[in-house]
Amino acid sequence: MDFRSDNIATVANEIMAAIAKANQGPASGYGEDGISEGLEFKYSQLFEQDVKVFPVLTGTIANALALSVLCPPYGAIYAEENSHIMQDECGAPELFTGGAKIIPIRGKAGKIEANQLQKCIADSASGFVHAVQPSVLSITQVSEFGAVYSADEISELCEIAHGANLSVHMDGARFANAVVALESGNKPESAADLTWRSGVDILSFGATKNGALGAEAIILFRPELSQEMAFRHKRAGQLASKMRFISAQLDAYIEQGLWLKMARHSNNMCSILAKNLRTCSDVKLVNYGGANELFIRLPGRWVFALRREGFKFYDWPETVSAVSDKPCTIRLVTRHDTTEKEVTTLVDAVKQLAI
Amino acid sequence: MDFRSDNIATVANEIMAAIAKANQGPASGYGEDGISEGLEFKYSQLFEQDVKVFPVLTGTIANALALSVLCPPYGAIYAEENSHIMQDECGAPELFTGGAKIIPIRGKAGKIEANQLQKCIADSASGFVHAVQPSVLSITQVSEFGAVYSADEISELCEIAHGANLSVHMDGARFANAVVALESGNKPESAADLTWRSGVDILSFGATKNGALGAEAIILFRPELSQEMAFRHKRAGQLASKMRFISAQLDAYIEQGLWLKMARHSNNMCSILAKNLRTCSDVKLVNYGGANELFIRLPGRWVFALRREGFKFYDWPETVSAVSDKPCTIRLVTRHDTTEKEVTTLVDAVKQLAI
Amino acid sequence: MDFRSDNIATVANEIMAAIAKANQGPASGYGEDGISEGLEFKYSQLFEQDVKVFPVLTGTIANALALSVLCPPYGAIYAEENSHIMQDECGAPELFTGGAKIIPIRGKAGKIEANQLQKCIADSASGFVHAVQPSVLSITQVSEFGAVYSADEISELCEIAHGANLSVHMDGARFANAVVALESGNKPESAADLTWRSGVDILSFGATKNGALGAEAIILFRPELSQEMAFRHKRAGQLASKMRFISAQLDAYIEQGLWLKMARHSNNMCSILAKNLRTCSDVKLVNYGGANELFIRLPGRWVFALRREGFKFYDWPETVSAVSDKPCTIRLVTRHDTTEKEVTTLVDAVKQLAI
Amino acid sequence: MDFRSDNIATVANEIMAAIAKANQGPASGYGEDGISEGLEFKYSQLFEQDVKVFPVLTGTIANALALSVLCPPYGAIYAEENSHIMQDECGAPELFTGGAKIIPIRGKAGKIEANQLQKCIADSASGFVHAVQPSVLSITQVSEFGAVYSADEISELCEIAHGANLSVHMDGARFANAVVALESGNKPESAADLTWRSGVDILSFGATKNGALGAEAIILFRPELSQEMAFRHKRAGQLASKMRFISAQLDAYIEQGLWLKMARHSNNMCSILAKNLRTCSDVKLVNYGGANELFIRLPGRWVFALRREGFKFYDWPETVSAVSDKPCTIRLVTRHDTTEKEVTTLVDAVKQLAI
């Protein structure tokens, strides 16, 4: 029963099948095969606009390359203080931009708020030769704490950013889960609504966490950036000779809405967790944004008990005490392949502790 | 009938099966799964020494990361003038080393000769503060022109390099083909003989060209470099969250000698080509080193004729004239999945032209 | 009457004379002249230990090069959030380290406190491959807000840093003013006490702000770093061909205590300001550490009045309102060539406003 | 009697006087003083076009920063194989461009020839994603072997370069000597003729070798590059706080033709050497382009004899044998402050050996 992350998930059958299908015989290398060449058309349709697509292996490199074409070496990138590019990429953005600086913004549930961004930009030293120059806003959809930006929120942030001559990058490692989370609201929003229509310039479109084997797509909504990106992508060691096997994943991922179907399942599993755990005494939902991450607060002693029973998950972020009832927070993540049984077993175990 | 490169090959069945097997359920991310953790043991056995293994997606990044832990930003790297790191990686070594300089050496059939290396080192400005500092020798096994270094040749080069305080990197994109090519000689040489026993510090161990889906291993023969490598590897965006699927390829690749079996097939196919084409009038074997690459010289008119019949291959390097009998050179590469029929069809076609 | 910064000061006569004296005839370039070669001995005596000295043009490059030999590209540097390396060097540390990250620490009057540093280190992800690795502590003496670290304070910070395997860099742009500020205390402390004896590994030893024409010295207390520094120094474009004219400044600067004599004058001028302004009603000393910087709070209206009378200084940091009595803060800096008349004229002007 | 380099020269009296004059009182820092602000006007007049001027300390950084705004990190820079940027800057261009590659061209007396450049560009892999992209041509005026490009030659090279979308940088460490060398020809050419009118985009305008204390100017003939340059210049640690003392040198350097007057003297001294040594038996003029560098070939034994008599100069490039009459080559450089006596003493000494 593993709720640590969606990156522990299996590869979806449809994607494995697509890989196998791509293996029917020799094919041109370095993205000159038919599957790779077809991605641009397919993703342009998905996003209702001409886009350029660069397949890569990981989210880290998707983010770093995206930032490298938007930010000069002497630039500043605004990001939420807990964001992946700030905390979890061992300096990849700094390497690929040639030394840009990431300026952390304290957000709310991992989301940057408009007034915070405005304040940061107002405080910045734009044009002042002694300071790094504000160049990019990077937002994370779904946020590090499971929150989802609406299209309106994205638009507001992008308007502020563009008004100050900043480009906008979206780290969409869990973009599918965000799109699905917003389906159920009053105002379902498309992939286009949540990106370029709201002002996003480049999207790191995640697939690995949602059923791919190892594939992310850098989606350029400003096609004029693609020439520079092509060289940076190669130079980063991401132009795989057998690109077709990465492209096949990205192709199958969006074929017939597979990506949304899988995210729908993940989100559903999480909503069952949320609905049930919410009712347990001594359990408090800390962050839940309708996607596939749930942060709950519960007695430290319970955390140990659950682990002893074989449940896996991460403390977030404090260290948990085994011998105290002092509450602590854990993160639970559901996957495209999380079973209802896993979910109900966990719910039952918590309820048992709550008696 | 495609003889362009071994990177157009399919994935071997054993490797596809290993990937499928790795997909039986959730597993820890970022290389903390059982398959990834087992690589070190398995590769240490293969190389008869404790090694550290870093799985990556491409040969470009394997080379660049290897060089980045051996060469300071103000260092110089000696490499054959046609080598991949010099010509075909769009500056990846420069990016990952922080701006080191590659000094080209004119080789013979792509191999660096001892006296040339000695001369370069003698001419270098070691210790002179105005000049980049000689730091690494990088050699390519199999060379860009299909030649194979013997263990003695490698030892001689490494001795010169180490004597001048240089580290040694081997770009082994076709290392399997080299090992197999040397089997048939008087003095079969092991993977260990051809690397650390001869003085190599880091090997880029290729698998993609020889039947993997997309996997190369950086093999550190100096384990003390592994801590630095771990951070550089992550920072380069190569620490895949679902690392198990890259590791599974590398695991299956050397299981029960699969890598050598596949290379043996490739090399055999090439040797059939070589044996038969050698006898055609007007065809001249330019470079053939016993591995899976063959460079032949033939009339330009024939090149066009062969292409018209559906054969694919690269000119190397001159442009071919369609209307002349002026000879030109083409490169033919065989693969683990090249069929005997493909080979004999090509041989027949050339023979037909030669009549 | 200009109190904006000590970098507006003139060059001291003794230093101009030393430059002229260095110009008596041809001399070897690139630091192989007698004056440059003598620096090591002279600074080793000053610091009571064998040191290596690298003359450079600016504080920016002194800091950036110092950090570049202490911090790997994937490293983290802890610094006070208002420090020069964090705010005012347009990303120079990021460029020269190859992309390290500076982690801001909120200090007190610009000084890092031991418990804050301890907390930051405890929160850091040392050894965690996803995060940049804690590598350097950088402290500023005198701090950005005019405060001075005692030797005890430095020792305490260095002990914490070294205990966590961090190196320590000191940005000593106003090091002379700090040494002098501590003279008058109960426990005068030498240049050695305030640096290597307390655990500092590299000092950016400032001279430009205190009477030089354009010269700073990187002082290595770990001589084994000097070989790497030599190449980085050259590569940064800092190995001046006519190095003797930079070295002559650094030589004269410490000859017969000139540096301390000049700093003593600056500090005295500032102490007169402090003593007199402290007594004005409506004026509040915000930060004054005994060196040559003074931060006072006074009505916004006065700020405009003073400027109209020709006084120059910087607001720090808020924008001042001309039409309000709302107090605001300004920074006053005295120089080696600030006259007593300048000081008393300013004091009188403020007193006039205070009536 | 020192003929090693013009960088051993003294500072011209006029320049020392200008520095002293700039020291009459406090002045705004970071180039906001009157002298610095006046440079743009003065240099625009000199070059008969609006230019942007960035003062720096050394030729190394002038070249590296110039290249950094013309060449992307994945770019290639064509330069003569013996050029400073290729051989003598310890990788500074690689650092500041973020890892560009310098492609050496074999020139004639250090000058690149049009057909060689054409061949290199034709051989380049422009648009090929696996290769660094041709971006800049960098030429050196006066060349490393003392040769001078005419305006026609520069135009021809620039036309080829621009035709292939390359920018053009000129390393003008000895630009003054080139201008003067061409005065005496049939077709005197102005600073403008030899730069932007011929197609040069950025000039590293040297002053240090020709009488300054430590000052070079980056001259941008494409003013739109100045915003990016301002940040790179600061970030490189070249925005000196007391910039006025560098600017004062650059101001005085071109005041009333001082720069040309000094170069005229240097060139004259060299021409006397050339005229006299040419007539000595066993002495052969290898390279002499009319500027201030002379390469002569003479018996190795003589080289030792001359050194024993106190003459200083560099072997170029071979090692000289003391015990043989085998001829070897030395470089002689004259300076703005070389005396006629120095020259005649050397001539006499050689003549003595030639008897």
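Letters A, B, C and D mark the chains in the order given here, with residues in each chain numbered from 1 onward.
As a working rule, a contact is a pair of C-beta atoms (placed from the backbone, for glycine too) under 8 Å apart; a residue touches a chain by one contact, two chains touch by 3 or more.
Predicted, not measured: the structure shown is a model, and the values here were computed from it.
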Contacts shared by chain C with chain D include exactly A, B
Separation of chain D from chain B in steps, with touching chains one step apart: 1
Comparing centres built from CA atoms, which chain ends up most distant from chain A? D
Selected pair, greater C-beta contact count between A-C and B-C: A-C
Over-half contact-pair match to C-D, picked out of the listed pairs A-D, B-D or A-B: A-B
The distance between the C-alpha centres of chain B and chain C, rounded to whole Å, is 52
Rounded to the nearest whole Å, what is the centre-to-centre distance of chain A and chain B, using the mean of the C-alpha atoms as each centre? 35
Where chain A and chain C are represented by their mean Cα positions, the distance between them in whole Å: 42
In chain B, the residues touching two or more other chains are 30, 73-74, 89-91, 95, 98, 129-130, 231, 234-235, 239
For the complex, give me every residue of chain A touching chain B. 2, 4-5, 7-11, 16, 19-20, 23-30, 56-62, 64, 89-92, 95, 208-209, 213-214, 231, 234-242, 245-246, 335, 337
What residues on chain B touch chain C, complex-wise? 30, 72-74, 98, 129-130, 133, 228, 230-235, 239
Considering only the defined contacts, which chain A positions touch chain C in the complex? 73-74, 87-91, 94-95, 97-102, 129-132
